[in-house]
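Once you scroll down, you'll see the structures, which are given as structure tokens.
Below are two complexes that have chain A in common, paired first with chain B and then with chain C.
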Partner chain A sequence: MTSSLTLRAALVSVLLLAVFLLIWQGATAGFGAGGTGVPSGMDPEYAKLMGLTATTGKSALPSPVEVGAGLWNVLTDPFYDKGPNDKGVGLQLAYSLGRVLIGYGIAVLVAIPLGFLIGMSALMSKALDPFIQVLKPISPLAWMPLALYTIKDSGISAVFVIFICSVWPMLLNTAFGVASVRKEWLNVARTLEVGPFKRAFTVILPAAAPTILTGMRISIGIAWLVIVAAEMLVGGTGIGYFVWNEWNNLSITNVIIAILVIGVMGMLLDQMLAFVARLVTFPE
Partner chain B sequence: MTSKDTFRRFSRLFSGCACGRHRSAAEHEAAARASEEARYGSLVEKTVLQALFPQDAHRRAFLKAIGGTTVAAALAQFLPMGMVTEAFAQGTGPIEKKDLKVGFIPITCATPIIMAHPLGFYTKQGLNVDVVKTAGWAVVRDKTINKEYDAAHMLSPMPIAISMGLGSNPIPFSVPAIENINGQCITLAMKHKDKRDPKDWKGFKLAIPFDYSMHNYLLRYYLAEHGIDPDADVQLRSVPPPEMVANLRAENIDGFLAPDNVCQRAVYDGVGFIHILSKEIWDGHPCCSFSASKEFVTTNPNTYAALLRAIIDASAYAQKPENRKQIAEAIAPANYLNAPPVVLEQVLTGTYADGLGNIKKDPNRVTFEPFPYDSFAIWILTQMKRWGQVKGDVDYAGIAKQVFLATECAAVMKDMGLTPPAPTKTIVVMGKPFDPAKPDAYVESFAIKRT
Partner chain C sequence: MSEPRYVSIEGISRRFQAAGGRTTTVFDDLWFSMSKGEFACIIGHSGCGKTTVLNILSGLDRPDDGAVVVDGTAIEGPALDRAVIFQSHALLPWLTVLGNVAYAVSSRHKRWSRAQVRDHAMRFIEVVGLKGSENKRPSELSGGMKQRVGIARALSIEPKMLLMDEPFSALDALTRGTLQDEVRRICLETGQTVFMITHDVDEAIYLADRIVLMTNGPNATIAEIVQNPLPRERRRLDIHKQADFYAVRNHLIDFLVERSKTFKDQRPAGYDHRHPPVVRPTAAPQPSPDGDKRAA
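Moving on to the complex of A and B:
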């Protein structure tokens, strides 16, 4: 039954994709004749100076075939390096991943211990709550000018913005997970006279692990969202810079390719944490 | 034996000095350095004196009464002439910092900075420069202030604004060279092709690249001259150049005064037409500048001088019409402007499609003359004052002298065998002459202002 459900779901997915691509192709081919000839009544000298969109009415949006061809070009040569402003998509992804892992790693190191503290102490939980509630909803782009101004280094600023945006879901989930460990288990630990550190590591941590992992999963998603925005702003390297650079060139084909690459990479990161989450889940 | 003789003759040829007047190369160099120091020194002092006493007769009388050296010594107390002069005289010594980062915004204004990389003008001066594309003016400003960039491409009002502390902490910046003259346009959306009179533009949303830009001041000037109040009758928005074409296509804005290649790109994509070139507002206006912090100049004088030589050299090369096509091809790839070569060619050669079906020819659409006239800075300051960006009394000449390094640029140009232009320049904006000696009267003369 389940296998046939998966099969049917996959079929529907493929069908949806095919319909989407067909509509896309139809919509983009609908513009003008799509020919390369000069339209009547236009000076050929003038037409030579103009783009195809202006002369033949070619759609500004590329067709799926063009995107596919562009994607092939980009993916077959992902690691070229033609100077500081022109690198292959693989190298750009590596830069972005590096920044995300550093920022996210620091966020993990801060959020989990602090989450334990908040979860285990009702006082700290109440005292820190207003700060968390105010800082949590701030957009990465709002942090950027402040970070650039105070840190005075664009690379570290980008890492800082990832840290500050991805720390909150982990912090809140850790605190919630720690606070909602079953009272019975804690009572058992107390009767057995387990010390506070041993209690934290052998009772609370395994019990709260699934909730903590859920927080980490939300956070990596946010970190990946933030890196694109941050790199579009500071430029230099990374997949966000790639998007900005292609936007600057008004190359919608490459922007769509970048969107695809960002989406696939984000999914992979999420799936990795989902795999870890499955390892620590326990049946109630 | 003959071979030995030949060898001796050759070795004498090589060990001797280049001009033949000195016994050895070392002696020649020492003499050359001494004469250069004297030349720069007197040149700097002369220019400062000229600024203090613009009338020849007064200056001569003053010098006669007090004596040349006394004057120089007295002036040196108030102006750090010695320091700057020394910095430039040392310009031929060993380079302190070989690996440099220079930031730029991908527009044709940055042509000399960018082309100096692929065409080898930096390496010719012994520099290893990385030109780094940057996302916007505020980011260029912050990265240069943070010393991530050693020098950068900035809008020419920006170093003035930074030095005065407008929009950031006051940090002394300098402009040793202007990047480009002219080279901007007013572009309007296709739907406005019948509204060519600015009086019909009430309610328009117009985009400019940055608040402290020539684009802002020129557009405001143009609108005000046609009786449109730029603050009340239209909406002016700061939009990064790459977003301008996309916004024009989406009809979020009605037009923009923007740097090329953005204007030509709007035409190329069929979303806009070129209403006028900025040179029709002020023929010969500066646009972008090559800037560095004063701190970089004083700590790395030789590097700075070498960098300046590369920029002046590149500008001189770019100024020649016959080189423009080659330059367009050199700066088009993704590493630099990332734009279609045909668009860049139209901007640089001045033979362009206007978007309304006509081919226009104007070889001076953009030119590359690096000399940073003080009067440029004074004009910019009058507009900052006119539109309320600065309040109170402004030391027009003082700030202009501090930021726009006309004297130093002239010295380096001379050193390179080029003839620097006369330090004054006639400025006429939309038929109205500007006298840099009377900036306050100029600001007062406008009907629409925010003082």
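Moving on to the complex of A and C:
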């Protein structure tokens, strides 16, 4: 029975989470038991400088309860803005999402028409293949210096990096999907004297849509992976910058919260495209 | 033939590049014409180029020599006056039954309103007996129903000619019989000109007015054209009790088993590509117009 399977799976999930949280709580609590004051023989000035956590033996890693409390604070006030280095996680997330959506959107506009061209023309497919083969394996971050130098704007450079990393899976999947549309469907359109433009929209696009969506799903995943790294480099705003800034603040709690938020957002983006993919998938 | 040549295949050949730069001639110098409202079947072994002939008739393929003329105009490419019923039904799986038929209708009548397209499509869905299933997707249909949609789609554009590539070969015997009955009924009612490929001798006898026999490929030719001696009013129930049924059947099977291989080497005297021998196998021995002694 599927319902009971879902139920049992949910139970196991909850159990695993509980075990994980318990071990975490135990591990972080254990270190704190040692000493409370400044250890003897250490210069009090030095202890102050280093921070109490480093000198008393208490772990810098927050306990799950602390993270939970921090998460509550973040979730109840996600959009505050108290200057460049103190913005709410929601606001930072919005900056990152904005960059991803712009870069990804431009990539969609470029990759899908170009993919159609490659998929429909054997000549273009062969002619563009060497470029794609060389450009595809380049780490998107390797483009960053070039982007910064030519564009001279860190925000747009980050968008460019998102564009360049999300364009390849979509391009290749679109080309593959278009090239492998069943010949008989194309023949149906030909015998009905359907023009090339209408044919592209009424036969090739729906036939290739599931493959294209797969490419789009891979791309959004990569874009979301890359934005964090890109924002760590360019700085200023965004969830990636937030992570790095909180690391510099040695606020491990906020780093963990950011990691959680990044994971949940990535899942939501993927689920949205999975939903669209289900809409365009057809059973044969 | 004295009838007008509504469809005329005039000396077509088709060659393919084989490995090593050699060319293979699939079939060579085929001549055949059909009158309006005629049902012709073409029979031959795999590799004799039956499907290529059909593709040339549909315009999806081009002959290397020769031409095909339909209703006074040479075929330049695929056109709406010739509808194809594909062996694999070739329905667009993301459209419903109605969507698939309406796609053809709206391609034929570009200026029609949605309601007009819908009504016209529904009429042909009814003709093939699929009323009530118009909103189903092809994946929800049985093989026979899918092929019915293919037939409705082909008929809905009201073509001058219907081309069928083994339309019933993927169906079970019972469904095949029912569909053959319906295709025959529809074609007789509408006076449709039909060219059909088949492997099934009984199907050819039941449906066709004339049966084109092709020799084995490569370099296939039309060996002869068999006039179906059965009356046009025939019923599946008692077709095998008709006097001439076994005469035709034996003639066709004899050709497929034996003569399709040997014909090339034993061409009858005076064989002419333009006028392949016409035979009319009947129960009583009767010389054919070309003097072919095997006609009985």
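The rule we apply is simple: the second predicted complex is superposed on the first by the 265 of 284 C-alpha atoms of A that agree within 3 Å, B and C clash if a C-alpha of one lies under 4 Å from a C-alpha of the other, contacts with A are read in each partner's own complex, and residues count from 1 in each chain.
Convention: a residue touches a chain if its C-beta (ideal position, glycine included) is under 8 Å from a C-beta of that chain, and two chains touch if they have at least 3 such contacts.
Note that the coordinates shown come from a computational prediction; the quantities given were computed from them, not determined experimentally.
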Which superposed partner A:Lys82 touches (first chain B, second chain C, both, neither): first
Partner chain(s) touched by A:Thr202 [first = chain B, second = chain C, both, neither]: second
Chain B versus chain C as contact partner of A:Pro283, first or second or both or neither: second
Chain B versus chain C as contact partner of A:Leu15, first or second or both or neither: neither
Chain B versus chain C as contact partner of A:Leu192, first or second or both or neither: second
Contact breadth on chain A, by residue count: chain C or chain B: B
Complex interface listing, chain A residues touching chain C: 182, 184-185, 187-188, 190-194, 202-203, 206-207, 280, 282-284
Chain A contact footprint on chain C (complex, rising order): 58-60, 77-80, 82-84, 86, 88, 90, 92-94, 103-104, 107-108, 137-139, 157
Sites on chain B touched by chain A in the complex: 106, 130-136, 138-139, 142-143, 145-148, 242-243, 245-246, 249, 265, 267-270, 333-336, 338-340, 342, 346, 352-353, 355, 357-359
Residues of chain A defined as touching chain B within the complex: 42-43, 45-46, 48-51, 53-55, 60, 82-86, 145, 148-149, 152-154, 232-236, 241, 244-250
